[in-house]
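You will see subunit A twice below: alongside subunit B first, and alongside subunit C after that.
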Partner chain A sequence: MAEDQIISISKFNKLKKSTSKKVTISAQNISVFYSGKMAIDNINMNINQNEVTALIGPSGCGKSTFIRCLNRMNDVIENCTIEGKIILNGTNIYNPEVDIVKLRTNIGMVFQKPNPFPKSIYDNIIYAPRLHGLVNKKSDSDELVEKSLIEAGLFNEVKDRLNDSGTSLSGGQQQRLCIARAIAVNPSVILMDEPCSSLDPIATAVIEQLIDSLKKKITIIIVTHNMQQAARVSEKTGFFHLGKLIEFSDTSTIFTNPKEKKTLGYITGRFG
Partner chain B sequence: MSNIIKNDILIPISSKRAIKERLFKIFGLSAIIFSLSMLLILFTTIFSKGYSAFYQTRIKLDINFNEKLIDPIGTREIKTLTTADYSKLISQSLFKFLNIDKNHPKSSEIKSLISFNSFLILKDHVLSDPDIIGKTKKINLIASDDVDQMIKGNINLNISEENRKISDFQIEAINKLKSNGYILTVFNKTLFTKSDSREPESSGVLGAIIGSFYCLFVAVCISVPIGVSAAIFLQEFAKKNKITDFIEININNLAAVPSIVFGLLGLYVFINFFHLPRSSPIVGGLVLALMSLPTIVIVTRASLLAVPDTIRDGAVALGASKMQAIFNQVLPLATPGICTGVIIALARALGETAPLLMIGMIAFIPDTPIAITDPATALPAQIYMWADHPERAFVERTSAAILILLSFLIVMNAAAIYIRHKFEKNW
Partner chain C sequence: MEQHIVKGFDRDLDKIKDHINKIAGLVESQLAYAYQSLNERDILVAEKVVQRDKKIDKLYQELLDMSIHVFALRQPLAIDLRYVISSIKIASDLEKIGDQSKNIAKASSWLSKLPVNQKVLSVDNLFDLVNSNFRKVVNSFNEEDLKDVKAIWLNDAEVNKSYDILFRETLTYMLEDTKNIPSCTQIISVAKNLERIGDQIQNIAEMIYYYVTGNHITQKISPKEMKIYKKEKKYKTDISNIFKKAKLIVKK
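Up next is the complex of A and B:
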């Protein structure tokens, strides 16, 4: 039964054949320790440009920790030490000379729980561009807000109430607002940490379509608990277990013909 | 089988726990009723004792601004006009109306019907308009506190004369004035436009209100910036270690320190060491600021803690620095909570008497303070002092001052509640 499901998913992904693409982010020997306790262990991973990379694995396996390394969100956490290198377009982002503001405008992030600021929809989107001085004139701001909302597929739903609070939207709309907010600063990569875990199936489908359309411009790395989602949206999938990257390859391979026993066990629901 | 279950459900739980629950509800309800009725009793007693202080008895007299008495030479020099014996004008007018010879043995009793300070009103009239000299004008003069109390019915006229504050002769005179419509009851403006006085009828709370206001102003200017920034640092930036734990414990302890200790601190540090003026609102404000600081720090930290971390993450992920995330996104969300806390801390400071005792703000100060370094008193201190006076008129003024203080406190607390409801955001 589980095998059947996998085959149907593989049919779905038939056309998503990965060819050799340009590597945007390269994680080299990344290990993370929280107060000396190892959270992830020696991860190596190359993430291709304009692809969706899914990270799956049971809770506490380190996939969120890993994704938070990619835009140095772990810097905020006390007693967190990171070893290894993350090369973004030829530069190690853990190089002390790296400007963390530029890094984070380049690598946006969307969180598990939609977290719009309790301000207007307009202010939610324009906050970061204003902060970084990307817009000066009111007309530029209006244009950027509209463009971001269109790209996030939210414009038609909210165009008449841009001054309403971002928190007045539904969960799925809030999450798309967060995506619009992230793409307003024109990032090349967006990290999504379980973006659909608090959404219903319809809102989830909308977000997945959005991911599909965004990847033409943006490289997306998505952490998900939902294996079907990983199969549906991603080109590459990495399976994490107990802080280790067990297997990382094309999504179709992971879901049809995994090399590791643990991967097979997880995707067929035998553990996790 | 199903029958048994059905029967089982039908057996009512008349057991102990149902009784316990009912008892608990009754207990809770009676606790609320008890506290509400105590509050009601408190308010009714204060109000019933204090409301009469909001109106005052005046005696309307035809005053003849006799030139011979005021300015016999006719030079209209300011010095002559200010030093003239205006009290004599009042007594002359009274004697004339009541048909009493000025050498009558009880003429001094008649003079004391009018408040001792009333000559100042006449002086003001003459100084502002010297042309009034030689003319006769109807002027409302403040009655003495004893007349006021008699008119308000607070003096028992049935007891013997020697046990009364007002003599039979005076009563006769008052009744004559009254029957001619010369006794008026008007709103007691004096209570709000004058400061403390030895004469109850010319005493007011203006100086105390201004003193309290200056104290609070100084307290806000000092405690809010320091308290809020300390809280932001402790909550958002400081690393959690033994030192910050120690600081946190001590802030909580400070919030519980009796306020008189802060008064002692103010006496030693601000007055004896820094030589700031004694009895001044600046010292009072500094002491109240120190007293409210721990509360403000605690409330601000709690408000910051209530802002979810996802907001911080969201801002940081967009490239905001930690400080930008806190000041742009977190602090606006915490502001309603901070405001509420600050207002409640200040409301407590407004009602505080003990620390003011130590720094000399509980003192008879008849002048209205102009600057924050002038000697001043505060509302609760004024209440405390008036409560000490034996005169009946001060009893009602004490209650009136309590009413004024309570209304300030109610306004402040209502503002706190309003801010909390109005600006509270949901996420």
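Up next is the complex of A and C:
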């Protein structure tokens, strides 16, 4: 072996550690057009497993459009065309044979405004698992509801009123109910589109703590306008501008020493 | 660098810069007065330096308050974050230079009380070196200009060399005649303070480089340059040898 090819064990371990992250989602050359007008332009991005990836950028830059591509939510929009591939655990989710309902079970989504079903807290959680035949017995249902609410950090607050309507909860609790509903079907990925924008700072902190605990099991992609939130919760951050992914790097690099001038301008408040 | 959308943010950062300049201006004049008091054995100027040091301490505390305000209200990021952090560090180094100028002035007061026939070595060379580096580093901070920063950083070896020469000469004078000891110990104290000012200037150069580029200056210095720098920085005076000589003199 040539001398310049020999590396120290510590360097090798470091290299191994940095490259050993498993990629859950790989976006390859993704472009989206609304009525022929380009909304996002040739995005390439690898989302690592059990990490939180934050997407930031000014309004209309394409970050929400991008995450909606990841569970084919854009399919329901008329005149929307998507080019490129989204590889989830080795399969292109845009293959015609992919079952969209199953796909959205695997990639859950939480929206800006909490949207619980106008049903009881219990039914909100158990609705999808029942639909997908994941539970048969009442005891299994009870167990799954409890487990999901515990994981979403809501159980202690609602355990005595599981039959109350989900809409009777506070905004922060409703959002956690939506997260509990998403995790009840055991997804591998959760997409969050500005999940805290309608919440107060305390409810926001609770959701951020929840994101931190969920990432041990689930890969999370979050769109946020709050840069401090992106800095607090994520390992990787992508900056979008005018439909392009300008920079995608470790969160600490993006917020301390970004490589691109546009990223620096945006995060330091020099342009919007 | 472009302006912030929120103009108040720029105003806050400008205030920090103005404050650093205020401290730097005061420190520069303190250093000059300390040197004057030393050369002219002027006890009044020396006392003035000691008194004015309190003003620097106050300005430094104000700068800390300003920086906390920016952290709390503006949440600076990237270059803005590095700027505020570096400013605190630079102000702290300037405050220390102020303290060292005060120490020089105190030594001058001491020297002024000694008989005039006492041998006092000149610190001109060391002072000129330190003073020139100080002016350059303040200029680099204001202009955010990195062209001199590396040279200032490396020049600390020259300051150490100059201190070492002076230290050796002073020891020789003390060995020659014990009457020289009181004045020579004060001169060693002055030289040591100037040498420490050289270190603070080097720290300031490091912080300017860090805030402008986000990288550490030592990463930009080649191994060859670093080797030369370390070799030059090392003191050559062998104190144990000098003590041996001193013992022999005492025996005689």
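To be clear about the criterion, the second predicted complex is superposed on the first by the 252 of 272 C-alpha atoms of A that agree within 3 Å, B and C clash if a C-alpha of one lies under 4 Å from a C-alpha of the other, contacts with A are read in each partner's own complex, and residues count from 1 in each chain.
As a convention for this text, a residue touches a chain if its C-beta (ideal position, glycine included) is under 8 Å from a C-beta of that chain, and two chains touch if they have at least 3 such contacts.
No experiment lies behind these values; they were computed from the predicted model shown.
Considering only the touch criterion stated at the top, classify A:N257 as touching first (subunit B), second (subunit C), both, or neither.
Touch partner of A:N257: subunit C, not subunit B.
Under the stated touch criterion, which partner chain does A:H132 make contact with: subunit B (first), subunit C (second), both, or neither?
Touch status of A:H132: first partner only.
Between subunit B and subunit C, which makes contact with more of the residues in subunit A?
B
Go through the superposed model and pick first if A:I267 touches only subunit B, second if only subunit C, both, or neither.
The second partner, subunit C, only.
Which holds for A:G108: it touches subunit B only (first), subunit C only (second), both, or neither?
In the superposition, A:G108 touches subunit B alone.
If I apply the document's touch criterion, which positions on subunit A are contacted by subunit B in one structure and by subunit C in the other?
none
Where on subunit C does subunit A make contact in their complex?
1-6, 9, 75-82, 214-215
Note which residues of subunit A are touching subunit B in the complex, please.
So the residues of subunit A in touch with subunit B come to 71, 73, 76, 78, 100-105, 108-109, 111, 113, 115-118, 127-128, 131-132, 165, 167, 178, 181-182, 185.
Which of the residues in subunit A end up touching subunit C in this complex?
It is residues 227-228, 231, 255-258, 264-265, 267-272 of subunit A that touch subunit C.
Quick check: in the complex, which residue numbers of subunit B touch subunit A?
Touch list, subunit B to subunit A: 239-240, 308, 310-322, 324, 328-329, 333, 425-427.
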